[in-house]
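A, B, C, D and E are the chain letters, set down in written order, and residue numbers restart from 1 in every chain.
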Amino acid sequence: MSEVIFFFEVLAGGLLAGVMYALVALGFVLIYKASGVFNFAQGAMVFFAALTFVSLTERGWNFWLALVVTLAVMVLLGIVTERVVLRPLVNQPQITLFMATIGLTFVLEGLSQLIWGSQPHGLELGIPDVPMEWLSQKWNVNISQFDLFSAFVAGGLVAVLAVFFHRTRIGRALRAVADDHQAALAVGIPLQHIWAIVWAVAGFVALVAGLLWGVRNGVQFALTFVALKALPVLILGGFESIMGAIVGGLIIGASEKLAEVYVGPFVGGGIESWFAYVVALVFLLFRPEGLFGEKIIDRV
Amino acid sequence: MSGELTGLDTFPKLLMHHARARGDRPAIREKDLGIWQTWTWAQFAEQVRLCACGLAAQGLRRGSHIALISDNRPRLYAAMAAAQCLGAIPVPLYQDAVAAEMVFPIQNAEIGFAFAEDQEQVDKLLEILPQCLSLKRIYYDDPRGMRHYAQPELMAYEKLIELGREAHRRDPSFVENEIASGAGDDTAAMFFTSGTTGVPKGVVHSHASLIGPSLTAARLDRLGEGDVILAYLPPAWIGQNIFSCAQAFVTGYCICCPESAETVMTDMREIGPTYYFAPPRVLENLLTQVSIRMEDASRLKRWLYRRFMDVANRVGGAILDGKPVPALDRGLYWLGDLVVYGPLRNVIGMSRVKVGYTAGEAIGPDLFKFYRSIGINLKQLYGSTETAVFVCVQPDGQVKADTAGPAVPGVELRFTPERELLIRSPGLFREYYKNPEATRQAKDPEGWFHTGDAGYFDQDGHVKIIDRVKDVGRLADGTLFAPKYLENKLKFFPYIREAVCFGDARDKVCAFINIDPEAIGNWAERRNMPYSGYTDLSARDEVYELVRECIERVNADLSAEPEIANSQIHRFLILHKELEADDGELTRTRKVRRGFIGEKYGELVSALYAGKTSVHVEAQVRYEDGRTGTYSADLKIRDAKVFTPAASQRAA
Amino acid sequence: MSAARRAGDVILSVQDVSLAFGGVRALQEVSFDVCEHEIRAIIGPNGAGKSSMLNVLNGVYHPQQGKIRLRNKEFADMDSHQAADLGIARTFQNIALFKGMSVLDNLMTGRNLKMRCNFLQQALWLGPAKREELEHRRAVEEIIDFLEIQHIRKTPVGRLPYGLQKRVELGRALAAEPAVLLLDEPMAGMNLEEKRDMCRFILDVNDHYGTTIVLIEHDMGVVMDISDRVVVLDYGRKIADGSPDEVRGNQSVVDAYLGVAH
Amino acid sequence: MKRIIAAGTVALATAFAGTAAAQNEQFIPANFYWVGPYAPGGSGFGGGMIDYFAMLNERDGGINGVKLTWEKCETEYRNDRGVECYERSKKKGPTGATVIHPLSTGITYSLIDKSIADKIPLISMGYGRADSSDGRVFPYVFPLITNYWSQNTAKIKFIGMKEGGMDKLKGKKIVNIYHDSAYGKETIPVLDVQAKKYGFQITHIAVPHPGNEQQSQWLQVRQIRPDWVILRGWGVMNPTALKAAAKVGFPRTKIVGVWWSGAEEDVIPAGDAAKGYIAAGFNLPGTNFPVMQDILKHVYKKGKGDMEDSSRIGSIYHTRGVVAGIVTAEAIRTAQNRFGKGKPITGEQMRWGIENLNIDDKRLKQLGAVGLMNALKVSCMDHEGGGAVKFIQWDGRKWNVISDWIASDQSIVRPMIEASAAQYAKEKGITPRDCSREK
Amino acid sequence: MLYREAGQFKSSYAEDQGIFPLRQDRIAFWVLMAVAFVVVPLIGDQYWLSAILTPFLIFALAALGLNILTGYAGQLSLGTAAFMAVGAFMAYNFVLRMPWLGIIPSFILAGLCAAAVGIVFGLPSLRIKGFYLAVATLAAQFFVLWALQRFGWFTNYSSSGVITAQEIVILGYAFKTPAQKYLLTLAIVALMALAAKNLMRSETGRAFMAVRDMDVAASVIGIPMMKTKLLAFAISSFYCGVAGALHAYAYLGTVEPEAYSLDLSFRILFMIIIGGVGSIMGSFLGAGFITLFPIFLNLASGWVSHALGVEISHATVSNLELIIFGGLIIFFLIVEPHGFARLWQIAKEKLRLWPFPH
C-alpha cells in the first residue's frame, strides 16, 4: 500500500472521526452559548437518548415512532432540567452550574440504567459500517460508508441549526440570549423558556450523536464517555461557536489520528488519550479564546 | 484591703501603690487600632509620672485647675491623675457641650490648662479663647487634623510627655515628692453640676470624700483587681468618675475605654465587664433594642423568648435573690438560661456582670425586673454629685424594684417633714466653688445636705424616692402627684421614648408623649405602613391607638396603688417633635425639663385640659439633613380609659 | 488650605507621550510634570484620554512614544508590577477590590510588596513570618483608623456599600505607602456627602502622609477645590495646564467642556 | 417492573438489622458492581455465583448443612469502593468473610496485603496478578483456573493449531491490541517471550481508556497486515474494536479475544461486525449443563434467581459466576472435610481448602459441570490449578465451541511467574513459604 | 447560642489573627483533635479506620490541595488525580531507589515532584482562564497517567504497570495496623492543614485570593502574576502529591495508574464545591460528604428495604443511590451554592447572635 494513500486514509478517517466528536461538542456549545452553562451531562444525555431509543426499538417499536418518542422524552428532560436545576441556580457562578450538571449526570446515568437496565445493546441504522468496496478495490482506500453517512448527518444538523438560529423567531431569540440576556427579554420570550428550548435542542443533538455513536460502539454506559472526546474540541473551537465545534472536531480528529499512527509507535502508543488535549492546549497558548471564540478583553 | 490601703489617702498615692503591688495587671484598656491596647498599672503610673512632670514644667501648680474635655481615653485618665499628683485640680467638662457652655466653668475656676481630646474639642476651646483669658495651655490627644494649627496655646500630648521625660530626667524624684506632699483633705476634683435650673455649680470634692464612699461600696460588693468595667459615660459626670476612676484606684480593677461612642455595644460585648453601671435611660434603650430585634426573629425564637421570659418574670428574680423556688420552675429557668437568658446576656455583653448598678434617675420597676429576671444582678443606688454617689445601695438579697436601698455604712439619713431627704456622710462635698451662698443653702450648719428629693423609708428601712421635692405636687383633689413616677412607668414601653405629665393643682393628669421612632418605625414596617419620619408617624391614628393602649395599662397599674390611684392619665397627645437637649427641653443628662416644656408648649397643655380633640401647632423644625422649616399641623388629642381605684373597689 | 501644602521638586514627568489603540489615538504628545507633595488633577470631557493617561502612568498601557521619568529615572516599558515596585499605587474607576476578602485583608494585600518572608516561613508561621504579619497589621490598622473604617474591618468588601468600597480601595492603595498615588475618578457615583468625605480624605492623605496625588475626576467643582495644579485633556491632547484658577479662565477649556453634552 | 430477589436481600437485611446470624452459616461477600460501564460483567458474574449458592441452599440445604449466605456491596469497579466493601464485609457472618472475589484487577491489587493481614483468601479467577499463581509468595491469592499468562500461551497454541503447527508460527505477524491499563499490559511480557520462542513478530498497540475510539489503532493494524490479532479489551473497547476491524476490513475470524472480551455483551453491540470473532474462555455458556438445569429448577422456578434479565441466564458472565460458585463451594467442602463437616470454616481454613482443591473429572460429573469448566487441581506451588481454555466463536447469535480444552504452556509461564513473584517478594521483603513443608 | 463570647477580647494582633479567635472554637478544635488522635484509634474498628477514616483524610488532603489552587487562587483544575498519581509513583520510586532516605523525606520529595509537574501544567494559566484552563488541565490528567503507564521506570518495570507500596517504616517503627496508618495519615494531614491555614492567612494566601478576585488589580498593587499562579499550582500539586503518596502507602497499598483517573479528579473537585470553595474546613467537610455519603446511602438503602419489608433488587438500589447522590448534589448547590463551609459559617453567625436574628 502506498504510504501516500495510507496517509490520506488516516487523514480521512481522522476527519470523519472528528465529525463524530463535533456532534457531541455541538450539544455543549448550544447550551453554553445560551445559558453559559458548561453542561457536563451532555455525555449522559447522549447515553440516555440512545438507550431510550434502542430500548424502544428492541421492544418492537417502529423506527420513526421510537425516534419521535425519544425526542419527546429529550425535550421533556430539557424542560425539567431547566425548571428543577437551572432556574433555582440562576445567577450563580459558572462553576456551580457546572457542578450541578455533574449532579445531573449521576441522575441521568442512574435513571437510564434504572429504567432500561445496564445491558449493552447493538444498534443498526441500516447503513453498514464497512469500507466502500469500490473505493477499497480501486484505490485500496478504506472509507466507511457509515462514516460518510455520519458526516452527512452532521452537516445536515449544522445546516438545520443554522436555519433554526437565523430564520426562526426562537432561534433569533436564542442568539440574542447568547449576546445579552437583557436584549433577549426585549424579544419577548422569557429567559426560562429560552433555556428550556436550548436544552431541548441539545437533547435533540444528543439523540443524533447517541444514535451515530451507538452504531459505532453499541449502546452502553460507555457512551457517556464520548463527552471526554468533545472537550478538546471545545477548547479548540471555542465554547460558543457552532462553526468552532465543527472545525475543532475536524482538526482534533485528524491530528490525533495522524499522531497516533505516525508518532504513537515511537513513544509506545496510546497517545490519543492526551494528544488532543495537548494540541488544544498549545493552540490556546496562542489564541486563548479558541478558534472562533470571542476575544476576551480585560477592562480595568 | 483596708490594711493594705492604710495611709493611701490620695489618688496619686493609690496609683503608685497599685504600680508596685500589681504592676503587671491591666489598669486601662482602650480599643484602638483594632485591638485592646493595654496599660498595666506600672505603665499607667509611668505615663502619669511623665505627664505630671510635663505639666509641672509647663507651669501647672498646686491648687490650680485643669479642664479635661474628652471622651473616655487612657490619656484623659493619665492627665487627670497627673494633675492630682501635682495637687492641681482636674475639672472634667462634658465633651458634648457646645463651646458657649464651657465658658462659665473656665471663667469660674480660672482655668489655665486644658486637656482636649481632638480637633473638635480644640476648636471649641479656641472659639471661646477670647472670653477665657485665663486659658493659656491646651493639650490635645489626637493629632489628626492638627498639623496646621499654629496657635501658641496648643501642644500635642506626645510633646507634653516628651517635655515630661526631660524634666523627669532632670529631677527623678520630683513627682514622688509632690505626691507625698498631698493629703486626703486636699481637693481632688471639681465637677460642674449639670443643673436642671440656673448656672452650673462647681462641686468641690476632696480625695477623702471620693475615696471613702468608693471604698465602702467596693467592699460591699467585694470588688477586686480582677474586675473589669467599661467606661462609656461622660467623664464629667460624677457617676462615671466614681465607677471608672475612683473605685478603680481604690480596688485596682481594670478600666476599659470603648473605641467610639458608636461601638459601645460591640466593645461591651468584647470586654464583658464584671462590674457595670448604667443610668436607666441606657438600660431602657438596651431593652428597646432587645425587643425590636426579638420581633424580627423567627417564629420559633419569638415563641421561645416569650415562653421563657414568662418563666423568668415569675421566678428569675427570686432565683437571683436566692429565695426558695419550686424544682420544676428551677428546671425551666435552667433551660431558659441555656437557650434564652444566657445567650441574651451574652449578646448584650453582660454575661460576666457580677454586679451592676443603675442610678441617676428612678428606674421603671418592670425595666429593672427584666434585667434581674434574666440573671443580671442589677441593683439600685441613690446619690448625687454632692454626695459622691454612694448614699443608699441595695445589698445583695435585699433588692427591691421600687426603692434605692438602705443607707451605705457611715451615711446618716433623715427626712424633713416636707419629705425632703437630708444626708450626712464622709462623701459629702466641701463646697460649691466660689459660691458660698449656694453652699449655705445646700449644706446646713450641722453638715446635713439637703438633697431636694422627696421620699420616705419603707418598712424595711429602704429609702424610697418619689421625685424632686419641688416637682411633687398635688391634684386639685389633694391626691399626691409625682410626675416622674408616672413618666417612668410610661417610658418602660418600648414605643414611648419620653413622657411629660402635667397635673399639679389641676383636676386630672394629662401627658405629652414622645414616641420612640426606632421602635415604632420597626412596628410600622412590620405592618407595611409607609411613613416618612417621626413627624409623620407621630400623627398616625394607628400610633395613637398603640400609645393609648400603653397608657391604659399604666392606668390599670396605678389604680392598684391607693395613694396615687387618682393620678391616672386621662388625656394625652403625641408631640410633633422629639424633645432635645439642644432645644433646652432636656438636660444634658437627658432629663425632662418639665417646667420649660410646660411653658414652651403652653397652648398644647391648655388644649389638653380644655377638652379639645385637636390643637393647631406651628413650629420650627429641623430636618434630618440639617435644614429647618416650619411645621404646621393639627395635633390630635385622645382620651385614655381610667380605672376605678382598686382600694375603693375593695372597700365597696 | 493648599497654600499650606509643601510642593517640592518634580517627582514624575511625562514627556510627549502618545498612545494609540489600533487606529484610535488616545493620547497625542502629552507632556506635564508632577511635583512632590502636590495634588495634580487631570480633567477633561469624556473620552479625552484621562484614563489612558493614568494607565500609562502605572504601566498598564505602554505608550508608543514618549518618556516617563520618575525621580529622574526614565521608564519606557515598565509593567504595572514594576510601577508598584517603584511606589506608584492607584485606585480604579470601577472599584477593583478583592471582593471575597475582608477589608483588613484587602489592605494587607496592599502591603504585600513590602513583605519579605517566603511562603515556607509563612506556612510554618515561624517567628519572622508571624512578626512581619503582625507588624504590617499594625501599619494597616493605622490606615483603617485614618479612613475611619474600623467598624467594617472584618467585613467582606463585597457586602459594603459603594462609598465605603471606594474608601477601602483608597486604603489599599495607601497601604503600599506609595510615593505617587493615582486616583481614577475617586468620586464617581457618589452622593454629595460621600464626595465631601472623600475630598476630606484625599486632602488628609496628602497632608498627613505627604503623598503626591494624581487624580482624574469628572466633577470640575471638586477638582478645582482640592487640586494644586490641573492638566486639561481633550481628544488626547493637552489643552491647558496650570492652577485651578488659571485653568478655569482658559477659553479652550471652557469650549471643550461646552462642546460636550454634560 | 422489577422482580424481587429474595435470598440475597434477606441475608443483607438480617445483617443490617444486626440480629445474630445463625451460627451454621458460611458468609461469602458479594462485592460486585451493578452500575456503570462494567455493570454487565459485575451483575452477570455476581448473579451466577449467587444463583449457584442459592441452588446449593435450596437443593442440598447448603454444604453439609451449612447454609451459604452472602451480602451485596456495590464497588462500582472502583478501587476505593472495593476496599470499603471488603472492610465492611470482612467481619460479617459467624466466621467473617470466607473468601473474596474482587472481580477487578485493580481491587485485587489493593486487597493483596489486607487479605494476608486478615487471613481472608482472594480468588481472582481469570484476572489479577498472574504471578500470584506462585503460592509461596502469595499465600492468600488464588488466580484460579487460569491466569492471563497461561491463557496467552494457550491462545498462541490455538493460533499455532489453526496455522497447522507451532513451527508454522515463524515469521507470522501477530498484533496485540490491548486496553491501556494494568489489566491490558499484563500479557505483554509473555507474548514477547513466546514471540522469541516461536519466531513470530508481535506488535503491541495500546488503546487508551475507555476505548470508544479505535480508528487509528486499527489503521495501524491494517498497515501492519497481521495474520492474527489478539484482542485484550474490556467493556466498550470490545465492540468498538470489532466495529473498527470491520471498518478497516480486517477479518474477525482472525481476532482472538481474551475472556473479558468474549461475552455476549461484548459482541452484541457490535452487531454483524462481530460475526466470526473468536474468544478464549475458561467457562462455556449455555443452560444445558445439569448444574444450570438445577439452578433453573431450584432457584428460578421458585422465583429466587438473581438475574433480572432471564435472557442472560446461561450467558458467559453468568456461567462464569456459576463456575466461581462451584470452586468456592468445593473449596469450602474441602476445608470442611479437614476441619470438621457441618461447621462454618474460617478464612484461614478456607485458604487451606482452596490450596487443596481438587476438582477432577469425576467430581465435575457429580457437579453436573462437565464441559462447563475444566478440571482443576490447586497446590501450594500452583495457585492457578488449571490453565486450560477453550475457544469459542460468535456466529451472530450465540457462541459456538470451536476447540477442545487447550492447556497452557507452563514451561513458558511458570519461570516467568516465579521470577516475577520473586521480584515482588524482594520488593516487599517477603520470605517465600517452603511448600514441601505444607500439608 | 453556644457561642458565649462576651469577655473574649483581643489585646494583641497575634491573638486577633489567631486561627480560632473564639474560645469555643478553640475548645471544640482541641476536643476534636483529642478524639481524632486518641479516642478514635482506641475505639475505631478496622472497617472505620482503614475503609472510612483513612481515605477520608487522604481525600481531604487532596481536596485541600485543590482548594488552594481553585478556591484560593481561582484556577480551576481537573488534573488533581494526576498530581496524586505523580506523588504516589514518585514516592514509590524514592523509597525503592533511595531506601536510606526514609519514608517522610520520600513523601516530601514525591510532593516536590508533583509540584514540579504542577508548575509545568500551570504554565497555561498565565494565558488562559476559567473553563478553558480547566479543560487544559485535563491534558495533565491524561498525559501523566499515560506517561506513568508508558515508561517502565516509574513502575520498576512491573509488567502490568502496578506498584506495590513498601512497608511504612519511620525511624525503625513500622506502621502496619489500620490504626497506625490512620494515625500517621492524621498527623500528616493535620500538619499540612495547619500549614495551609497559615499560608492562606499570610501574604501568599492574600496574593492568591487577590489573583482570584481581580487579577488586574492584583498586578497593579505589585503582585507578580506569574510567580503567584505558578506558586499556587506548585503548592496545590505538592498537597495532592503527598495525598497521592498516602493514598498508595497508607490506604490502597498496591495501585495502578488508573486508580488516579479523571473520575477521581472530578470527585475531588466535587468535594471542594460541596464542602466550600476557598475554605480549609470546607475541604474536610466536602471530603467527608463525598466519601461517606455513598457508603451511607448504600447502608441506608439496606435499612430502608428492611424497615419497609420491601426487597429491591440490588441493581435498582445501586441506580437509586446514583440518582439520589446526583440529586442531592443539585439540591445542595441550590440550597447553598457556597458549600457546607458557608452553611456552617452562617449557622455559626446565627449561634453567635442567638437569640437575635441579626
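Structure notes:
Note that a contact is a pair of C-beta atoms (placed from the backbone, for glycine too) under 8 Å apart; a residue touches a chain by one contact, two chains touch by 3 or more.
Computed from a predicted model, the values in this text were never measured in an experiment.
The chains touching subunit B as well as subunit D are E. Each chain gets a centre from the mean of its Cα atoms; the one farthest from the centre of subunit A is B.
Relative to subunit C, the most remote chain by averaged C-alpha coordinates is D. Comparing the chain pairs B-E and A-D, the larger number of C-beta pairs in contact belongs to A-D. When chain centres are taken as C-alpha averages, the shortest distance to the whole-protein C-alpha average belongs to E.
Taking the mean of the C-alpha atoms as each chain's centre, subunit A and subunit E sit 32 Å apart.
Centre-to-centre spacing of subunit C and subunit E amounts to 41 Å, using the average Cα coordinate of each chain. Note on chain placement: the centre of subunit C and the centre of subunit D lie 73 Å apart, centres being C-alpha means.
Chain centres here are Cα averages; for subunit A and subunit C they lie 49 Å apart. Subunit A has residues 109-110, 113, 117-118, 268, 270-271, 273, 300 in contact with two or more other chains. Touching of two or more other chains is recorded for residues 12-13, 16, 142, 146, 149, 216, 220, 315-316, 319, 321-322 of subunit E. Multi-chain contact residues of subunit B (touching two or more other chains): 34-35.
For subunit E in complex with subunit D, the residues that touch the partner chain are 45-47, 50-52, 55, 96, 142, 146, 149, 156, 159-162, 164, 166-167, 176, 251-259, 261, 263, 291, 294-295, 298-299, 302-303, 305-306, 310-319, 321-322. Looking at the complex, you find that subunit B touches subunit C at residues 32-35, 144-145, 147-148, 259-260, 262-263.
On the subunit C side of its complex with subunit B, the touching residues are 1, 4, 104, 137-138, 141-142, 144-146, 150-151, 153, 204, 207-208. Touching subunit B in their complex are the following residues of subunit E: 1, 3-13, 15-16, 353-358.
Of all residues in subunit D, only 2-6, 8-10, 12-13, 15-17, 33-35, 39, 43, 72-74, 78-81, 83-84, 86-88, 90-91, 105-106, 109-110, 112-114, 117-118, 129-130, 180-183, 185-186, 188-189, 208-209, 308, 420, 424, 427-429 touch subunit E in the complex they form.
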